[in-house]
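In the two complexes below, chain A is the common chain; its partner is chain B in one and chain C in the other.
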Partner chain A sequence: MILIAIISLGGIGAAGAALLYATSKKFEVYEDPRVSQVQEVLPAANCGGCGFAGCAGFAAACVKADNLDNLNCPVGGASVMEKVSAILGKEALKTEPTVAVVRCNGDCDARPQLNQYDGVSNCAIAAALYGGETGCSFGCLGMGDCEASCNFDAIHINPVTRLPEVIEDKCTSCGACVKACPKNIIELRKKGPKSRRIYVSCVNQDKGGVARKACTNACIGCSKCEKECAFDAIKVENNLAYIDPVKCRLCRKCVVVCPTMAIHELNFPPRKEKEADSTVKPQKIQPETAATVTPENK
Partner chain B sequence: MEYVLMFIAAVFVNNVVLTQFLGICPFLGVSKKIDTAIGMGLAVVFVLTVSTLFTFLMQNYLLNPLGLGFMQTVSYILVIASLVQLVEIILKKVSPALYQALGVFLPLITTNCCILGVAILVIQKEFNLLQSIVYAISTAIGFALALVIFAGIREQLAMTRIPDGMKGTPIALITAGLLAMAFMGFSGIV
Partner chain C sequence: MLRTFRIGGIHPPENKLSAGKKIVRLAVPKQVIIPLSQHIGAPAQAIVKKGDMVKTGTLIAKPGGFVSANIHSSVSGKINKIDSAIDASGYKRTAIFIDVDGDEWEDAIDRSDNLIKDCKLSGKEIIDKIAAAGIVGLGGATFPTQIKLTPPPGNKAEILIINAVECEPYLTSDHILMMEKGEEVLIGVTLLMKAIDVKRAVIGIENNKPDAIKHLTNLASAYPGIEIMPLKVQYPQGGEKQLIDAVIRKQVKSGALPISAGAVVQNVGTSFAVYEAVQKNKPLIERVVTVTGKKLTNPTNLLTRIGTPINALIEEAGGVPENTGKIIGGGPMMGKALVSPDVPVTKGSSGILLLTKEESVRKPMQNCIRCAKCVNVCPMGLNPTLLMNATEFTNWDMAEANYIVDCIECGSCSYTCPANRPLLDYIRLGKGKVMGIIRARKA
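Let's look at the complex of A and B:
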């Protein structure tokens, strides 16, 4: 009995193995070995930031493509693309590292709440319904679609300000939050030397007075920064200033002239002539400390 | 008529997930999006039908004549596992599109208890071959139905405000329980 059992089970197993072997030989699909090589150097985050379905799709596209001009892994950045190009023998385009930047600084103090939203807690749905709980119909809704979209735990809604904050070390600039934000507040900007960068932290396109009334930190399109900029990096369009990250030389003059403190500087050392700047957080200038560097207080 | 009744019984009255509590793992695991739920459901329909056919044949023409009924479970697992592997290899070559759609789910359901459960139930109930196939297909459709309904509810749940302690698995289990109670309402129609 035992013998029959062993023989029959072994027989089934052996028959199955033989059958599998035969079919796997017969139905073999040729896969370029370079695809798995490329896949090994990729970050394996499967975030889709490259525009392909996961790292496997990106690896296949890299092998297939004639050149790597349009292919870039935003998570791995230049170092990973270098490895990929070494495997494939194709030139990879040099890309500057970027990082997600939240262009809204309308925190609870700056942007008074005018009404109470009681619907589904989802930015995309809330944005389709109306302009938000405050007078600014451009600003952050604060329901955390960006937070939910992030695969890297790099963006979180600050419970105090109800604005998202990017953890720079974790951000891979995959662009998931950029797509998730229905208000187009988040932008991928050049990381800059020593992570120093200057940007207009507002997307409000209302006329100056309207914007100012809705939010004290809004860009009012006064063009002061545009005039101050010596490098032609700032353009005011639709009552909103925009700093071109490529042209900007990080001179910080625009930060000082902005009457609403809508222009933010990140990771700069404290200004020398100011004394009370030890309270400056590395992330962003707080409104109180920024006030000390405005021309009126000089 | 017999087969229609068998279909209704297997899909609604004795739903494999919500009444017999088989295959709970993918029911909770792959039910966050309707798309993946449909993919999983299709894969289960496919694998369950094929594996039931093969295990039925093996039971009646190999195990029973040799008097090896006690080896049912172990030999079933062996056959189902290699069968799914076989199907996967062939599918990859013959239909890459279908392989892409089912690819992830095929190996997942190899050792699913609802596959093995149905293969054994069919023998226990002493069905003939045609009855077994109909039973397997309708059970799998019942599984897919439960999965898709549950995924739909969970998609809605994801956008609602849920108390912190209930987020994730707890609310999913409560929902599954309520859904099972709803399916209890079908009991007695067949």
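Let's look at the complex of A and C:
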């Protein structure tokens, strides 16, 4: 009895195995082994920052492409791209690491609230509806579309200032928040040596008086920084200053002259005393520097 | 059995508080703010500069594109500045500020009350005069009228439908206009019929205005081709496609223009403006605005110059009552909360509604219970809950495949939702995104 069972079940098993083997041979899809090799060195974040749906798509595109000029993994940065180029034998462009920077400094004290929004808590919907709760129609709406879009827990709305803050160590510069922000406040900026950066923390294009009335921290387009800059890195257009991160030499002179303190410096050592005596105005606590001491980082 | 449109619709409380209140002419304010974007399409281009003197009715801005309209000064005085001002859109946009000095009108404008019935102009000349007067659709969409009257080549209108349904709760400006200016409205309709060369016009009026139906029916016997059609009260019957369905039982296909059903739809307020423009040479510089609200001491209908700050209108109606939560520009269904009481009246302002805090509060959103009430009431036959989800999860392909661009933003879905889901908020966002994607694909 037991013999019949062994034979019949063994036979079914053998037949099944033969069928499976034949099928797998017949319908085999050839995959370039380099795709999985590349995929292995990628960060596996599937964030879409490269422009592809996920890391697998990016790996396939890297293998297929003639050169890696237009392909870059912002999360992995130069080190990962080096490994990819080693696997594929194609030259990868050297890219500088970038990080997300929030260009709005209109906290609740600086920007008085003029009306109350009680619609859906979603920046894109609010922005489609009107200019926002304050007099500044360019600034942050504070409902956290950026926070919701971040896969890396790197950007959070500060409940006190109602402004997003980037945790630099976690930010992979995938660009999800840049795309999510309907006001185009967030910019991917060059990380800079020792993470030191100088940028204008405002995107208000109103005339000086109007901008100032709406927000005491706004860039008023006075051009003082433009004149102060010895490296031609600052341009004022549409009543708004912009610092070119490539030309900027991090001398910090513009930070000092800005009458509204709209230009922010990040991760610099404190200034020397005598400098402070002459022209330096007391600096406010900057949200981004404050962000580095959030509970997770302590 | 009265007619109405065949798909969906709701019947919110009518609350026509200012019904029957006579039109009151509001005093000219000290300063007017005339935005350059009072119509759908490209903003007009200012042709005056700071310090210029203008009279009432002087052309101050020319069309900035094909879909655009002339703008005239609504007062006489001096141009104070051309600067950005916050308007009903909630954004700062360019506007012309005029300091009022007396009230001197352009000589060509006939300010008498004489009724002029005869018109020797050809259809083309009538359309040119309408364009010169800067007339736009006064129902709220503010689409430049001359474009609507010039159908694309190969299309021929068979019927003119006049939208006098005023399906929005609270608003009464069209109602009182029909009662007081019935003859003028009917002459305006005759002019519009001549402009598009049709023999038949139907004025659709909802059955909650029996006095207007009676009044216009009496008057219309003297005007051949004009017919008054009472309609069942149903929101959003004032929507172009809904009104066509109600009146001539034809459905306009997705993405098609009303002219494909052989119909041209104009608002009753527009036909009055057409009368004034063609017969009296008067550009669109004033309009009737309903000022209403349950706590307002004197809800009323005001004939207001374009550019008057809405503050002045609310003062005339008794001032802002205590406990006011929101000031809405337009009606409660399609109107939009205003960010400031300094916002000026524009061509498209049909009403100002003051809601109390209790009325204006938005209840917290709950989970969808799949009751499909929104599907039942959607007058376009869409699936609002599906479209909201598609937008929430940025599935634009799904949104487009389910005709999100056909949404007329009437708000029936949000109104009816027992779970207080902000359906229209999301759908409006998705519609904008999908329209952008379609435009990019075509380019």
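Criterion: the second predicted complex is superposed on the first by the 255 of 298 C-alpha atoms of A that agree within 3 Å, B and C clash if a C-alpha of one lies under 4 Å from a C-alpha of the other, contacts with A are read in each partner's own complex, and residues count from 1 in each chain.
Keep this in mind: a contact is a pair of C-beta atoms (placed from the backbone, for glycine too) under 8 Å apart; a residue touches a chain by one contact, two chains touch by 3 or more.
Quantities reported herein were computed from a predicted structural model and do not represent experimental measurements.
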Please work out whether A:129 is in contact with chain B alone, chain C alone, both, or neither, and reply first, second, both or neither.
second
Could you tell me if A:120 is touching chain B, chain C, both of them or neither one (first, second, both, neither)?
both
Of the two partners chain B and chain C, more of chain A gets touched by chain B
Give one of first, second, both or neither to describe whether A:13 is in contact with chain B, with chain C, with both, or with none.
first
May I ask you to decide whether A:230 touches chain B, chain C, both, or neither, giving the answer as first, second, both or neither?
neither
Should A:206 be classified as contacting the first partner (chain B), the second (chain C), both, or neither?
second
With the two complexes superposed on chain A, say which partner A:5 touches: chain B (first), chain C (second), both, or neither.
first
Once the structures are superposed on A, label A:24 by its partner contacts, choosing first (chain B), second (chain C), both or neither.
first
Who does A:137 touch here: chain B (first), chain C (second), both, or neither?
second
What part of chain A is shared between its chain B contacts and its chain C contacts?
120, 122, 125
Counting only contacts in the complex, chain A reaches chain B at residues 1, 4-5, 8-9, 12-13, 16-17, 19-20, 23-24, 27-29, 120-122, 125
Spell out the part of chain B that touches chain A in their complex, as residue ranges.
58, 62-63, 66-68, 71, 74-75, 78-79, 82, 85-86, 89-90, 92-94, 159-161
So, in the complex, the side of chain C touching chain A is made of residues 84, 86, 89-92, 336, 339-340, 361-362, 365, 422, 425-426, 428-429, 432
Mind pulling up the chain A residues that touch chain C in the complex?
114-115, 118-120, 122, 124-125, 128-131, 137, 206, 210
